[in-house]
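Below are structures written as structure tokens.
Look for chain A in each of the two complexes below; its partner is chain B in the first and chain C in the second.
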Partner chain A sequence: MLVLLFILFGGLAIGCAVNVVAQRNPLYCAISLIGVFVSLACLYLMLAAPFIAAVQIIVYAGAIMVLVVFVIMLLNVEQEEKRNIRLGFLVPVAVVLAAALIGEVAFILWSVDPNPTLQPSDIGLTKSIGDALFTTYLLPFEITSILLLMAIVGAMTLARRTGMLSPGARVIPGAQLLAVSDIDPSASHDDQTPISSATSDEAAQILGVVKRDQSKRD
Partner chain B sequence: MIPMESIIDITLKFVAITVVFTVVLLIVAYTVLAERRILGFIQGRLGPNRVGYGGSLQPFADLLKFILKEDIVPDKSTRFVYFLAPVITTMAAMMTMIVYPFGPEVNLPFIKTIPLVVAHFDVGLLYVLGITSVGVYGIALAGWSSNNKYSLMGGLRSSAQMISYELALGLSLIGPILLAGTLDLTKIVEMQSRWHGMGWLILFTPLSFVVYIISAIAETNRVPFDLPEAETELVAGFHTEYSAMKFALFFLAEYINMFTVSMLATTIFLGGWNCPFADLVFERGSFLFALVSVLAFLVKVIFFLFMYIWIRGTLPRFRFDQLMNFGWRFLLPLALLSIFITATMIFLNFF
Partner chain C sequence: MGPQLSWYLALSALLFTIGVVGVIIKRNVIAMFMCIELMLNAVNLTFVAFASFFGDVTGQLFVFIVMTVAAAEAAVGLGIIIAIFRNRESLDVDDASILRL
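Let's turn to the complex of A and B:
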């Protein structure tokens, strides 16, 4: 029974992984990758590690891949065209790396004890993971959290660009960014100062330019 | 030869799965009817009252209509994903049902003592959160594959909203987990059985409860957070291009999601199947005690469902930037504050 399930989920994982590489449509690749993560979670469950399985689903399938799918949808990435391989030297490198990987797998298969003595293990349980994380591995854990904080701050800094806004300007999330030339066609096109505002009139006010066609519209 | 014990076990599991799915789907079907009748009452009109006594057969009439409708597939949709999306949504909605304890252990005469839960899972709560987070794909892919800009906008809004509110939802559950010391839903409910079934966790973590309820409404895309299907802006959002039974699956998934988040709220905060002072009247483990407990569980869940409908009849819809600001700048810090308070009180041995 367990062997059947292993073959099912292992085969599913391999099939989805091959599909990730083979598909040309990025969204199909993403869906296949989700399939890989879900099958891996099932394999973790069979190895009596429910916590790791659940975290695999929540973090990889539920958070990271959602963002990937989100970006693919948002940018509306078209089907990748078949093009000539410019980096031709990568092919032999890939062959060598694949050979190394297969060699490692073969070594592991050769070196493991075929008839291991089974003993109960609680490595995958919530309690043992929590104990290890907050005692033995406390320092790496804290360092990782600082790394994540840095990533958040970096993303905020890159996304907001508050320095370019005048102090009185109102920032509306989701409002469009306007360049000066969008409001005043006569303005120099070199000036790419982006400003964020709710309406183009407000943007014109912030930039200190008067809209030209305002009288026409009224 | 398979031993007798395991035959009984497998049979009981099948019975449990059948009963749970039938009962839950029936309640969900009647939630739709109740929503229409109660909304009618709130808005000073009648609502559907023709099919059966007082409209009691309306859900089946609706179902028949969905099955018999023509199934229209948009010409330029991405076929495979278009068909996959409602399947993912419905599966993700239904799969969480199996870990909730509907009642206490009960002694069945001649068979054995069985717990009233389909699958006993060491990390039941994480399982629920994981499956819920997978449900986003159904909506996002439905919006993308329809090849329709309203659908795409609806799908994008919905995924953004669900990602944002999932954080607050997960954080609001940490306080109760800290108190219970386990992720096992059965043990969390049993822990609330003290004081004659009155040791509900809402008494210790009221702030978490408020955060949970608000983010649960946002997670299920209900009013006032139903931006993904705001009619005035997006026609019907991500399911604009879906018709007949595929639309019915999305509809069903929304109501099952309502039911499951209500079950989670009941299990975590309102003591699950614990009926106050029932153990004084009936003996623990007896059939009557189990019956009263299951009824108590369903009453609490139905209270939440009523609250959903009540809110829908009362509140207007948010604007999208208000929604995001509220989720990130108010709800998330509130959830963190709630964790801080709970952790501090546990540290000071307050509980």
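Let's turn to the complex of A and C:
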């Protein structure tokens, strides 16, 4: 029974993982990746780790993948276009090396003897994990909080748009930041106050420039 | 007889290899990011398998911390991806081969 479940969820995980690599549309990749996460959570349950399984679903399939899908939707990602393969003569070499690698791994895995058996224990329960986390491994736990703080600060720094520019600045596509004096020299002599615009269209509008894409659309 | 430890290790190695292949052959930054997540999950499976078969809670704690690192990586990585897209209007890694923004 357990073997059947392992084959089911393991096969599901591998199939979804192959699909992640094979798909060209990033949204389909994300959906397949959620499939991998869910089947791995089922494998964790088989390994008597219910807490990790729940966290896997909540954090990975819930939080992280929602973030990824959100970014995919936000950036309106188009499909990856096909390209010609450079270095095509290396394909047979790659196949041979991959076969050698798989052979080595198989040899090592099957020469490990004896295999330990799964013992019924309570290590996967929330209580035992919490006990270890807040006693023996308190320092890594605290360091993790510092890591999360750094991630918050880093994400905010990356997402910030504005900055200070020199008076002679021109419009940089993407940065979309221009000094006030560049737009209207008579308006202000305060060079340190930049005008920031959220999009290229907005910047073009401020400058009175007709963008190429807009003229095409009209 | 249930699944052996080596089965889980083989599955984990396969998933990790698929992730590595994805990182190598993918051109889209978000797809590469998802392949990295796949590799992290393969390692997590190894941790949980060892923890369960050897009856040691440490492996599961490491999985917990790896998930935290993955969450932090998702926040910062997606911020970088948005910054790249803002500068280049493209998510192709070949368009972002120059470090200068």
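Just so we're on the same page, the second predicted complex is superposed on the first by the 124 of 218 C-alpha atoms of A that agree within 3 Å, B and C clash if a C-alpha of one lies under 4 Å from a C-alpha of the other, contacts with A are read in each partner's own complex, and residues count from 1 in each chain.
Throughout what follows, a residue touches a chain if its C-beta (ideal position, glycine included) is under 8 Å from a C-beta of that chain, and two chains touch if they have at least 3 such contacts.
All of these numbers come straight from a predicted model, not from anything done at the bench.
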| item | value |
| --- | --- |
| Three-chain arrangement built on chain A, chain B and chain C clash or fit | fit |
| Touching partner for A:Met73 - first (chain B), second (chain C), both, neither | first |
| Which superposed partner A:Cys29 touches (first chain B, second chain C, both, neither) | second |
| First (chain B), second (chain C), both or neither touched by A:Met46 | second |
| Which of chain B and chain C A:Ala100 touches, first, second, both or neither | neither |
| Touching partner for A:Leu90 - first (chain B), second (chain C), both, neither | neither |
| Which of chain B and chain C A:Thr126 touches, first, second, both or neither | first |
| Chain A residues touched - chain C or chain B, whichever exceeds | C |
| Partner chain(s) touched by A:Val55 [first = chain B, second = chain C, both, neither] | both |
| Three-chain overlay, closest Cα atoms of chain B and chain C, distance in Å | 13 |
| Intersection of the chain A residues that touch chain B with those that touch chain C | 51, 55, 63, 67, 74, 173-174 |
| Contact footprint of chain C on chain A as seen in their complex | 2-3, 6, 10, 13-14, 17-18, 20-21, 26, 29-30, 33, 36-37, 40, 43-44, 46-49, 51-52, 55-56, 59-60, 63-64, 67-68, 71-72, 74-75, 77, 80, 83, 101, 105-106, 109-110, 112, 115-119, 121, 123-124, 128-129, 132-133, 137, 140, 144, 147-148, 150-152, 154-155, 158-159, 173-176 |
| Chain B residues within the chain A interface of the complex | 78, 80-81, 84, 121-123, 126-127, 129-134, 136-137, 140-141, 143-144, 152, 155-156, 159-160, 163, 166, 183, 320-321, 324-325 |
| Chain B partner contacts - residues on chain A that touch it in the complex | 27-28, 31, 34, 38, 41, 50-51, 54-55, 57-58, 61-63, 66-67, 69-70, 73-74, 125-126, 172-174 |
| Touching residues on chain C, where the partner in the complex is chain A | 1-11, 13-15, 17-19, 21-22, 25-28, 30-31, 33-35, 37-38, 41, 44-45, 48-49, 51-58, 60-61, 63-65, 67-76, 78-83, 85-89, 91-92, 101 |
